[in-house]
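Once you've had a glance at the structure underneath, I'll fire off some questions.
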Amino acid sequence: MANFPPSDGSTDGHEPRDGSERQASGVEQSDLELVRRVQRGERGAFDLLVLRYQHKVVKLVARLLRDQAEAEDVAQEAFVKAYRAIGSFRGDSAFYTWLYRIAVNTARNSMASRQRRPLDYESDLNESEQSAVESRMRHGDTPEAAALSDEIHRTVNGAIEALPEDLRTAIILREVEGLSYEEIAEAMECPVGTVRSRIFRAREAIDRSLKPLLD
Amino acid sequence: MTDQIREQMSALLDGELAPGELGLLVRRMERDAALRRAFGNYVLAGESLRAPGCIIASPGFAARVSAALDAGGAVPATAPAELARPAPRWKRPLAGLAVAAGAALAAVVLVRPGTDGGSLVAQQAAPVTMAVVSMPGGASPTPAQTQRLAGYLVAHGQYASAIGRRNAWSNALAADPGINRVVYEASEKR
Amino acid sequence: MGRLSVIVAAGALVLAAPLAGADPPTARQWLERMTESLASLDYDGLFIHSAGSQFETMRIVHRVEDGRSVERLVSLDGSGREIVRTAEEVHFYMPDRRVVLVERRTDPGSLLKALPAPGAKLDALYTLELRKGRRLLGRDVQVVDVRPRDAYRYGYRLWLDEASAMPLRSEVLNGAARTVESIHFTRLDLGKAVDPRALQPGVDATGFQWVRAGRRAEPPVAGAGWMPRRVPPGFRLVASRSQPVPGTPVRMQHLIFSDGFASVSVFIEPAPPKGPAPPESASVGSANAYSTQVQGHMVTAVGEVPPETVREIANSVAPLEGGTPAASAAATPVDR
């Protein structure tokens, strides 16, 4: 749906998966708890929210601006705005929904002040056009940045391929299918604690492969 | 010990952390850049898994945001009353509204005047042309200017029609009014 | 999708019902019904406000208490700003600036007749037309087109709920028939009693700067007796008051002009100390503002009219002969 946070596998909680009513997702609840802490003055909690949503926001802004070079500046501005306005967030919607709209408005303002026509509807581009636009943008970046981004993806991909199967399954079910630990435990027929541990170890393996690249 | 903290970070990312564990974890991460980096990599793993080759924030992005917040001395507004506990979905009207809002919004942006049966063209006298010269550098209004304009809109709204008031006050509420500074050419005659 | 709940209890909806056998209501009658409903019904709704390339979700809550409208308008995205109009005051909360602007609310009783209301003279300035519309929020709608006859005004398209005449959607259109601003309800609860607590501000304003109009002995009014020499056809002075410039002891003149549908405010205040500034205009949604300096005063015209209109009005403001607040023959005849 145009202009609405896309579902990307993580359970942002916009639609109940099986039609039955259920609690707001764990991620939503944890976001709310973090926002509560920010409102009480814990800056660190906001830094965590930035870490969690940095790629989503940069990606969103880059698509609207059709220019990745400025995307990070504008994305940064969006996060700063969100921080300043955090006191007014009341939990009526998911935090990411709120952040998404701030990012869209920030991007549109930036386009307006540069007198460029914004990409009004994400539905303007179909899937293949969208990824074509994105790949053009990636290569329009500095060669170093584009190369680094490619290498990051290759590294992650390689690390996942190299994982033992139970770890790989667990992290894919979580990140790509958006299942909760409980649901994964059911699917993999193991205790929840094992799921938590497998996902953690998968991430550790990926982190270890990324370290030499990024440190 | 470190492993335990890192495992908690992983659970936090999935929203599966036990309620009591969050406070300590946040504080540990605040103090430890290596933990934050690892958390960032966990996030990156997910993004890359979902969309290999997609656009990602560059490695220094989160640190730059943090620095910007430090430098700007940004202070969030005072904490409001306790946030509502997230209720089950069917009790949260706005969550269900999301679909409606999306659909309605699509209707708002996609319908052009005149597609709803007949075109709407103002019959007008000789239209006044407006010379539009944008401010150098496309300056945004200062907060003081925003506040001043908002004050006028609020005062004006009291006397406008109900529709006019709703529009004027909605504009006063807009986050970034998107004020376009249009400077008329000096040669305009009065 | 969205829903519109209307509980039609006897007398809950105050509408001028057409007589049996009478003609179907005209466009102007629809507008009159709409004005009546907006002022007299209790409602609580969510809408998407869009202007230019921006959109925001907002909530409006409206209640009638002792014959007076009280209402609250909240931005649900980003700024978190809200406006709360109580029986006595209007509070504008800006959490992003940590400021609350406070205005005294003028007694509407004496002004009710003068406030913009669609009257017989509207036909000279606008053409009104009825159209069929698609259903909205599950309700049948009547579309009213309000087209200006000249370039000094904006046009409107209003989608009115046939049962209550409440506008479920409204658009402001410029001369090129492009949408300048739109309000589109995604949910509207009508007829149920509105909980007074829904009118409480959601912002905790402790520590905010309260910018309040003080009530003191009357210092001289800046711009007393000043008038625009030229106003577009059909605009008449409908109200005039002096109010303190927020945060200072100086009072400024506030004149309100209306053509029965659109209205323009003219504010005249002492020029800021810094010396002459170039004319400045601002445009936000359908609201346009134009400021200019005249003889040591700053004159600002603001209204839901095109930029040229506020510019011409502001540029034509001048002291009257002898500085007395008498109607001048040079100006369009005014009613007081």
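Every chain is named by a letter (A, B and C) in the order it is written, and numbering of its residues begins at 1.
We adopt the following convention: a contact is a pair of C-beta atoms (placed from the backbone, for glycine too) under 8 Å apart; a residue touches a chain by one contact, two chains touch by 3 or more.
All values derive from a computational prediction rather than experimental measurement.
Asker: If you tally contacting C-beta pairs, which pair wins, A-B or A-C?
Answerer: Result: the pair with more contacts is A-B.
Asker: Of the chains shown, whose Cα mean is nearest the mean of all protein Cα atoms?
Answerer: B
Asker: With chain centres defined as C-alpha means, what is the inter-centre distance between chain B and chain C in Å?
Answerer: Those two chain centres are 25 Å apart.
Asker: Just how far, in Å, is the C-alpha centre of chain B from the one of chain A?
Answerer: About 16 Å separates the centre of chain A from that of chain B.
Asker: So, what's the distance in Å between the C-alpha centres of chain C and chain A?
Answerer: So the centroids are 41 Å from each other.
Asker: Among the residues of chain A, pick out those that touch two or more other chains and give their numbers.
Answerer: 3, 81, 84-85, 87-88, 90, 92-93, 102, 105, 108-109, 112, 120
Asker: For chain B, give me the residues that contact two or more of the other chains.
Answerer: Expected reply: 77-80, 94, 99, 101, 103, 105, 109, 175-176, 178, 180.
Asker: Two or more other chains touching the same residue: where does that happen in chain C?
Answerer: 52-57, 75-81, 95-96, 202-204, in rising order.
Asker: Per the contact definition, I'd like the list of chain A residues that touch chain C in the complex.
Answerer: 3, 81-82, 84-85, 87-90, 92-93, 98, 101-102, 105, 108-109, 111-112, 118, 120
Asker: Mind pulling up the chain A residues that touch chain B in the complex?
Answerer: Residues 1-4, 8-10, 13-16, 21-48, 50-52, 54-59, 62-63, 68, 71-72, 75-76, 79-81, 83-88, 90-94, 97, 102, 105-106, 108-109, 112-115, 120-121, 123, 134-135, 137-138, 145, 148-150, 152-153, 156-157, 159-160, 171-172, 174-176, 180-181, 196-197, 199-200, 202-204, 206-207, 210-211, 214-215 of chain A touch chain B in their complex.
Asker: Help me check something: in the complex, which residues belonging to chain B touch chain A?
Answerer: Residue list for chain B touching chain A: 6-7, 10-17, 19, 22-23, 26-27, 29-30, 36-59, 61-62, 64-66, 68-69, 72, 74-80, 83-84, 86-90, 92, 94-95, 98-99, 101-103, 105-106, 109-110, 134, 138, 140, 175-176, 178, 180.
Asker: Residue numbers of chain C touching chain B in their complex, please.
Answerer: Per the stated touch rule, the residues are 1-2, 34-35, 38-39, 46, 48-58, 60, 73-83, 90, 92, 94-99, 101, 103, 105-106, 111, 115-117, 127, 131-134, 143, 145, 147-151, 155-158, 167, 170-175, 177-179, 181-187, 202-208, 238-239, 243, 246, 254, 256, 258, 261-263, 265, 267, 278-287, 289, 300, 302-304, 307-308, 311, 315-316.
Asker: How about chain B: which of its residues touch chain C in the complex?
Answerer: 77-81, 93-94, 97, 99-101, 103-105, 107-109, 112-114, 116-128, 130, 141, 143, 145-147, 149-164, 166-184, 190
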